[in-house]
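Note that the chains are named A, B, C and D in the order they appear, and that numbering of residues resets to 1 at the start of each chain.
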Amino acid sequence: MTQTETNSGHHPKERALLCELLRQFYDLGWCTGTGGGLSLAVPGGFLMAPSGVAKERVTEADLFLLDEAFRVIAAPTKGELCLSECAPLFQAIFGLGEVGAVIHSHSIPLALATRAAGSEQTTLGWQRLEMLKGIRGVSYPERHFVPLIDNTPREAMLLSALQRALENLPPHAHAVFVRDHGAYIWGRDAMEAKRHAEVYDWLCEFDHRERLERNSGNAGAGEGS
Amino acid sequence: MTQTETNSGHHPKERALLCELLRQFYDLGWCTGTGGGLSLAVPGGFLMAPSGVAKERVTEADLFLLDEAFRVIAAPTKGELCLSECAPLFQAIFGLGEVGAVIHSHSIPLALATRAAGSEQTTLGWQRLEMLKGIRGVSYPERHFVPLIDNTPREAMLLSALQRALENLPPHAHAVFVRDHGAYIWGRDAMEAKRHAEVYDWLCEFDHRERLERNSGNAGAGEGS
Amino acid sequence: MTQTETNSGHHPKERALLCELLRQFYDLGWCTGTGGGLSLAVPGGFLMAPSGVAKERVTEADLFLLDEAFRVIAAPTKGELCLSECAPLFQAIFGLGEVGAVIHSHSIPLALATRAAGSEQTTLGWQRLEMLKGIRGVSYPERHFVPLIDNTPREAMLLSALQRALENLPPHAHAVFVRDHGAYIWGRDAMEAKRHAEVYDWLCEFDHRERLERNSGNAGAGEGS
Amino acid sequence: MTQTETNSGHHPKERALLCELLRQFYDLGWCTGTGGGLSLAVPGGFLMAPSGVAKERVTEADLFLLDEAFRVIAAPTKGELCLSECAPLFQAIFGLGEVGAVIHSHSIPLALATRAAGSEQTTLGWQRLEMLKGIRGVSYPERHFVPLIDNTPREAMLLSALQRALENLPPHAHAVFVRDHGAYIWGRDAMEAKRHAEVYDWLCEFDHRERLERNSGNAGAGEGS
């Protein structure tokens, strides 16, 4: 049994879902320019999208199958495809436990949030927005924090800062934001990770647009009574 | 006859329309992060989307069928699906009479409008925009008001404020906005509710962008003569 | 031979194109909330979309077929559909000669342009943008003007102002903008009208975003040397 | 053997890819209003989209096949289609060597970047954004420059300025920006050119939105600790 014969034979449903979600994430602006990525836990290991390719065009046969120690069990049939440098980062996040899917997003609203934050800031936070209820465990009135770490020249170098952030996660945080870069976002399964990524994206886009409004002394805009 | 056998057998056309509209609303940004929702009146009751699931992936068998008192007649075949906490809110709106569809939207422009309003404001209003004619009964020159209520930690707690707003609805209002949250929007049938939701979304997006312009002393921008 | 039997029998290719373009225009944000519209010249008359319906759902059988004097020859099979109040406006524009298609757009960038203009302004203008070359007859360096007229409570009341604007059209103008409303845009055929509408939309969106930048003293943004 | 018989017979896979990419680029806003374009190197020559037509509707038979000296070998079957004035510009870029695809983009973020730059500026630059790693050879910390040249009344007149820019390309630059216009962007193959175009688009959109934020004294926005 060779890798090329068997690669797309394992976990066909999860492979199809992963590719479908990559197309959706591309349309949402999360993995333009081949950036971003997605990994799903499967029985006995993980599926992971290849690096440096157009994410909306990834097919089932293009995925890496990794074992529980993140060693490649089956590589894509196209030999030139590479495992992302993100792999150890994804592995660290799966190590939190109860994580079934990790999304790496390069969306513009996430990146803007990391830069609107002061250069000394080590968390991002939101409060009093109904959308916060889309994050598992978070309620509308309470303040929700996620870690913000500095970017590094190579993604593999992010590992130690990411590990420290994961060891000191604020309650209910399901993301680590990376300055000038984007975020890693996770959930118990693919649908929860996607929901969390949609919520963090909504929060960052909302904040950006609200920051722009502050400038305009808009009290009374759209006022009715 | 059991629920699971019969759930998707009733009202197949309305179920298909509801799912199709959810996909469209997801693409419009109204129900990202599993937020938002839709309920349609059917003969003898109501169809309602489940809570907490990716709205663009809801299928005909995932819907709740409720009787006229909003009691579940047929639950989704997937047993883990839950009726939304919004159900009593939708019920209150259907109680207005001549309401065939209710949309719950979490769109960013709607949420921005609720926050651009002063914290004491209890209505939102628009005037002199052609799009206002898309709201039943509203003309271009007159001022159109909708209620704005405060958000609550749980959606079910919104009920009393929503009921008061519905009892004192301004003429032709087809929406109640909720601060930090979004809006409930309705119409005589699915297409009218969708039209109203598109119009309120257009008005809020237009207002947001116009508020940003105010800041720039733009008299003369694009000026020709 | 009755209308209902024959309505969708005439001009099947043009009917299909008109419906396809309405779906595209909906996706572009030009006819949200059932606003906007499209009319195509056909041999011996005109095809026109009905009023007040979701434009992305209009089918071939929903169109009005009008003769050269804009009298209805064949109405939609669904008896409840109405001819738009815009019909006389479209007729006036077709009367310019060499007009094969008229688009009525409610896009937000067009509406913003009409409001960014001073209240006394009677034209909008652009200059030194490559996209201007997408308007028939317009070059990059020269200034391009289009008329801007005031909105009226009912669309039919726009007719006299529109007629005056059409009688005094600036060179190469292929649009009349209406304050608080949107624009009527035309071309020699459907593809040219669409091209013109895309160009005017690009120009208005670009202008809006550039006006917002003016505020930020951005000299040097993205500067390299 | 006549042109019309054989035009779509050559390079069917590359023709299909070119048309598919044009549709995608249209959806991304890069070739609205018939602007923009795409050319792919094929064995013995080049395929090029026609000028002045709706790019999302171009079919395999609408493409020009050019030889290595950019002379037309096979014209589209529709005789009215024209080769773009861009052809000599594309030819100059292919002349750099190791270029397999050239994209001409009219996207609004690119055009805004050319105007946010001071009128004396001859380059655009970015630094410390993870997305920069999507440009071949560029790292996160270093500053990346691309040339910025002035627009001309006709595209063919851009040639001498473009040639000078290509002779003095900054390291790793894969684009030449044109003031008031857009950019020419390339890569070793279609997928790399697309990746580069997506990255430059992301950078310009990010910069625009960050410039708008600067105005609002936003330190602390989204702040957590």
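We adopt the following convention: a residue touches a chain if its C-beta (ideal position, glycine included) is under 8 Å from a C-beta of that chain, and two chains touch if they have at least 3 such contacts.
The shown structure was predicted, so the numbers you read here are calculated from the model rather than taken from an experiment.
Colleague: Most remote chain relative to subunit C, going by C-alpha centroids?
Modeller: Max centre-to-centre separation from subunit C belongs to A.
Colleague: For subunit B and subunit C, what's the span in angstrom between their mean Cα positions?
Modeller: The computed centroid separation for subunit B versus subunit C comes out at 29 Å.
Colleague: Between subunit B and subunit D, what's the gap in Å when you average each chain's C-alpha atoms?
Modeller: 41
Colleague: Could you pull out the residues of subunit A that touch at least 2 other chains?
Modeller: If we look for residues of subunit A contacting two or more partner chains, we find 212, 215.
Colleague: Building nodes from the protein chains and edges from chain pairs that touch, which of line, ring, star, complete or other describes the result?
Modeller: Contact map by chain: ring.
Colleague: When you check every pair of chains, which ones turn out to touch?
Modeller: Once each pair is checked, the touching ones are A-B, A-D, B-C, C-D.
Colleague: Taking the complex as given, what residues does subunit C use to touch subunit D?
Modeller: Listed in rising order, the residues are 128-131, 134, 139-141, 191, 194-196, 198-199, 201-202, 205-206, 209-210, 212-213, 215-225.
Colleague: Taking the complex as given, what residues does subunit A use to touch subunit D?
Modeller: Within the complex, subunit A touches subunit D at residues 32-35, 53-54, 106, 108, 111-113, 115-118, 121-126, 143, 145-146, 148, 151-154, 178, 180-182, 204, 207-208, 211-212, 214-215.
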